[in-house]
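One chain, chain A, links the two complexes that follow: it is found with chain B in the first and with chain C in the second.
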Partner chain A sequence: MQFLRLTIPLLLTAVAGLIPIIAFMWSTETRWIHATKDRLEVYMVIIAAFALLLGVVNVIQSNVKKIERRQKGWQYGAFLLAGLISMGAVGILSAARIGPFQGIGFLDDGTRTPFQYMAEYIFNPLQAAMFALLAFFMASAAFRAFRARNFEATILLVAAGIVMIGRIPLGETLLGGSPLLGEFTEWLMTWPNGAAQRGIMIGAALGAASLSLRVIVGIERSFLGIERNE
Partner chain B sequence: MEWLNRLMSLDRRWIFLFIAIGTALPIIFPIGFGVTTTPPVQSLYDRIEAMDSTSVVLMSYDFGPSTSPENNPMADAVLRHCFAKGVRVIIVALFPIGGVIMADQSLDRVLPDFPDLEYGVDWIHLGYKSGGQASMKQIGEDLHNVFPVDHRTNTPLSEIPLTQEVHAYRDMELVVSVATGIIGEWWANLVNAQFGIPVAVGCTAVSAPKYYAYLLSGQMVGLLGGLKGASEYEQLLMDGYPWMAEVYGRTGLYTAIKGMDAQTIDHSIILVFILIGNIAFFGTRSRRKQG
Partner chain C sequence: MDAILNLQRINALVLVFLFCTLVLSYISIARRGGSLYVRRISGLNAIDEAVGRATELGKKVLYVPGIMGLDENQTIASLALLGHVARTTAQYNTDLDVPNKDPLTFAAARETVKEAYMEAGRPDLYREEMVHYVTYDQFAYTASVSGQMVREKPATNFLIGSFYAESLLLAETGQATGAIQIAGTAEIAQLPFFVCACDYTLIGEELYAAGAYLSKEPAQLGSIKGQDITKAIVGIYIVVATIGLAFGSELLRRLLTIE
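Here is the complex of A and B:
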C-alpha cells in the first residue's frame, strides 16, 4: 500500500520534474530527452484540461454542502449552481451539436448560437459588472486607508498621488501643459518601481525554485495529501 | 469639532455617488483631454511600424469580460495597426474565462474597416487552448500540434496558407499578449526567455507596475499599461494613419481616449476624497492632542 500511495507518486514526480530541467541543459542533438520533454508538455496540457473539470466538481461540492446546511448566503450558492448547470449543459449540448444547439460560436448565416448568446448577453455583462464594482470600493478604501499616519505611509501617499495625477491628463493641465509630471511618473514607474519589482520577482523565483526542488527530491509531500513523516 | 468628526465618518455612499456621476457623465458627454505618449507604448508602435507584409505577429487574447473595458481598446488598436500595416496576424486565446469571445468581438469591431483582408492568408483565429505555460512552450516546438485545426472553419492548419508557412515562434516576429492576471508575465519570462521572440504586453493598470521589471531587463519590447497605454496607442495610430481618426471618432464606439475622460474625473474625485480624509485625520488628531 505504501508503495502505491507514496513510492510510485514520488518517483513519477521526480522523473516528471527532472526531465524538463535535464532537457533544458542538454544538447538538442540528444533527441530522446527532448522528445520525452515534449511528450510531458503535451500531457501537461491534457492534465490542465482535467484540472478545469476538478474545479467544477469542487464548486458543485462546496455549494451543495452550503445549500444543504442552509449556511449564510446559501441562496447565492443556489444561484451559482443554476448558472453553472445551465451554462454547462448548453455548452455540452452545443459542442455535441444536439437539437437547436449547433456549435458554440456563430452559425453559417452569422446568427448567434444559444451558447454564444448566453455568453455575450449574460456572462459578459455579469463579469464586467463584478469588476466595475471595484472602482467604488477602491475609492471608498482610498478615502479611509490612505492617511499620512507615519513616514512610510506618507511616502506611499505622495508616490500614489503623483502616479494618479501623472497617469491622467490632469497633471499636464495643472502644470500649464508641461509634461513634467507625466515624465516623473514614468521615471517612478521605471526605476524605483522596476527595481522593487525585480527584487520581489527574484525572491519569489528563488522560493519557487527551492519549493520545486523539495517536491522533486520528495521532501515536500503535502501535494500528495500526506505529511513528511508518514 | 463636529464637522471634522462628520468628515471622518463620512457615509461611503456619498463616495459611491460621486464616482457614479464622475464615470457616467464623461461617457455620456465626452470631454476630450489631450494624450501624451510614453516610451513603452511608443516602442511597441515603432516595432510594428517597422514590419511589413512578410511579418507575422502572434496575438494572444488572455483576458475576459471582467477587464474588457481596459483590455478591449488596446487589443483593437494593436490589431488595427497590424492590419493597416499589412502584417499578418495569428490569433490565439489562453485565458479560459472568455478569451475566445473577447477575440471574436475584437475581430467583429476591427475587420469591417479592412474588407480586403482574407481569412487564412492575412489572419487566422486558432481559438482557445488550455494549459497556459505548457501550451506556450509547445507553440515553440510545433504550433500545429497545439492547435490541430483553426477556430473558425475547423480546417487543419497544414491546409491553411498562413499556417503552412508558420510552424513555431521562429517563424514569427512578435508576440503581443493582451492580458489580465499572470498570463502576460508567462509570455515574457517563459516564451521570450526560452525562445527569444520579442514580447509585448497590454495589461490592466493595476498589474502594469510588475511589467516594468521585464521592460528593464529587455524581456519585453513594449507595454500598454491600462486605459492610459491604450489611449496613447490610439493617439499614435491616428497620428500615423490619419484615416483612423474617422474610425475612432465614430459615435457609439467605445475607445480608450473616451474612457480616459471618465478615468481622469474619477482619479480627481479619489484624490479630493483622500485630501478630505487627511484633513479630517490631522484635524481630529490635533484636537485630541490639545484636549
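Here is the complex of A and C:
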C-alpha cells in the first residue's frame, strides 16, 4: 500500500521533474531527451482533460445535492445546472452536426451557429461584465491605499499621482507641452519601481526553485495529500 | 561534449549545481539537529488567529488556492498551506470551503484536506462538499466565489496561489464583506492589489517558504536556509557584475547571459 500510495508517485514526480531540467541543459542534438520532454507535456494535457471530467461530475453532484436538500442559495445551483446542460447539449449536438446544430463556428453563408450565438451573446458579455467590474474595484482599492496616513503612504500617494498624471496627455498640457513629467514617470517606473520588482522576482524565483527541489527529492509531499514524512 | 551538453547554458548548470548543493547541505545539517533561524512571517503567524475568529463568529473559512494547475509551483505551495489551514479548522471545529478552478488542483486539494482532518483526529468532521469544483473559466469562477463571499460572508478568506485579473475582484469583495484576509502570491502584478485589500500578504518567496515554515520539519527549514544563502551569493554577484559591466568586462557579461 505504502509502495502504491507513496513510492510510485514520488518516483514519477522525481522523473517528471528532472526531465525538463536535463532537457534544458542538454544539447538539441540529443533528441531523445527533448522528445521525452515534449511527450511529458502531451501526457499532462491528456491527464488534465480526464481530470476536467471529474470536475464536471463534481459540479453536477454537489449542485444536485444542494437542490435536493433545498440548501441556502439552491436557486443558483439550479441556474448553474441549466446553463451547464444547455451549453453542453448544444455543443455536443453541434459537434455531431444534428438538425439545426451544424458545427460550432459560422455557417458557409456567414451566419452564426446556435453554439456560436450562445458563446458570443451570452457567455462573452457575462465575462466582459465581470472584467469590467475591475475598474470600480480598482478605484475603491486606490482610495484606501492612497490615504496619507504615514510617511510611506504619503510617498506612495505622491508617486502614484505623478505616474497617473504623467501617463495621460493632461500632464504634458499642464506643463505647457513639456515632456518632463512623462520622462519623470518613466524614470520612476523603470528605476525605483523596477528595482523593487526585481528584488521580489529574484526572491520568488529562488523560492520556486527551492520548492521544486523539495518536490523532486520528495521532502514536499502536500500535493499528494501527504503532509508529514511517512 | 558539445553533442551532449548545451555549452552556452553551462553557467545555468553551474548555478543549479551550486544551488542544489547548498540546499541539500543545509537539509542535511538540519536533519542532524543543527539550529536554523528563520525569521517570523506575520501572515503565517496570523493563521490561527484568523481561523479562531471564524470559530468565534460561527462562520466558515474560505480558502481559494489560486486559478492555476499543479504544474505551477505557487499552487503546490498553496496546497502545503491548505493542509495547515485544514488541520486548524479541524481542531477548532470550523467549517472550511475550498472552491477550485483547476480540476487537477481540485483532486489534490481534496486529498490534502481529507488527510489533514484525519491527521487532526477529526475525520468525522470532513465532508466531501468542503472541497468542490466550480468551473474552468476564470471570470465565471470569480463570479461564483465573489457571490459566495457576499451571500455566505465567511469570517476569514485565504487567497493563496497564482492569481491574475481576478485577484482584486476577489480581494475587494472579501474586504467589503468585512472578512479577515490573508493573501499570498508570487505574481508581481497582483501583489499591490493584495497589499491594498488584504490584512496580511505573503510576498513572493514567503509563499514558497510557507509550507516549510509551518511544518517546522528540519529538512524543509534547511531548504529555506540554503535558498537564502544562494540569494546572498546572487546578490553579491549582481553587485560585482554591475561594477564589472560598468568597466566593460566581457567575461562578466557572458557569465550573466543564459542563451
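The rule is simple: the second predicted complex is superposed on the first by the 190 of 230 C-alpha atoms of A that agree within 3 Å, B and C clash if a C-alpha of one lies under 4 Å from a C-alpha of the other, contacts with A are read in each partner's own complex, and residues count from 1 in each chain.
Quick note on the criterion: a contact is a pair of C-beta atoms (placed from the backbone, for glycine too) under 8 Å apart; a residue touches a chain by one contact, two chains touch by 3 or more.
Only a predicted model underlies this, so the values are computations on that prediction, with no experimental measurement involved.
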Legend entry - Partner chain(s) touched by A:155 [first = chain B, second = chain C, both, neither]: neither
Legend entry - Partner chain(s) touched by A:164 [first = chain B, second = chain C, both, neither]: first
Inset, instruction - Figure out whether A:215 sits in contact with chain B (first) or chain C (second), or with both, or with neither. - result: second
Inset, instruction - Report for A:172: first if it touches chain B alone, second if chain C alone, otherwise both or neither. - result: first
Inset, instruction - Using the touch definition from the top, say if A:223 reaches chain B (first), chain C (second), both or neither. - result: second
Inset, instruction - For A:194, decide between first (touching chain B), second (touching chain C), both and neither. - result: first
Inset, instruction - Determine, under the contact definition given at the top, whether A:127 touches first (chain B), second (chain C), both, or neither. - result: both
Legend entry - Partner chain(s) touched by A:28 [first = chain B, second = chain C, both, neither]: second
Inset, instruction - Applying the touch criterion given at the start, work out whether A:45 contacts chain B, chain C, both or neither, answering first, second, both or neither. - result: first
Legend entry - Touching both chain C and chain B, counted on chain A across the two superposed complexes: 44, 48, 52, 126-127, 130-131, 138, 140, 142, 144, 197, 200-201
Legend entry - Complex contacts: residues of chain A adjacent to chain C: 21, 24-30, 44, 47-48, 51-56, 58-59, 62, 65, 72-73, 76, 126-127, 130-131, 133-134, 137-138, 140-142, 144-145, 197, 200-204, 206-215, 217, 219-220, 222-229
Legend entry - Residues of chain B defined as touching chain A within the complex: 10, 12, 15-16, 18-20, 23, 33-36, 38-39, 64-69, 96-98, 101, 104-105, 129-135, 137-138, 141, 145-146, 151-152, 205, 208-210, 212-213, 215-217, 225-226, 228, 260, 263-264, 266-271, 273-274, 276-278, 281-282
Inset, instruction - Under the touch definition given earlier, write down the residues of chain C that touch chain A in their complex. - result: 2-6, 9, 12-13, 16, 19-20, 23-24, 27, 69-71, 73-74, 76-77, 79-80, 82-83, 87, 100, 102-104, 106-108, 110-112, 114-116, 119, 129, 132-137, 139-140, 142-143, 147, 151-152, 165, 168-169, 171-173, 186, 188, 191-193, 195-197, 203-209, 211-212, 215, 217, 219-220, 223-224, 226-227, 230-231, 234-235
Legend entry - chain A to chain B touching residues, read off their complex: 38, 41-42, 44-46, 48-49, 52, 105-106, 116, 119-120, 123-128, 130-132, 135-136, 138-140, 142-144, 146-149, 157, 161, 164-165, 167-170, 172-173, 179, 182, 186, 189-190, 193-194, 197-198, 200-201
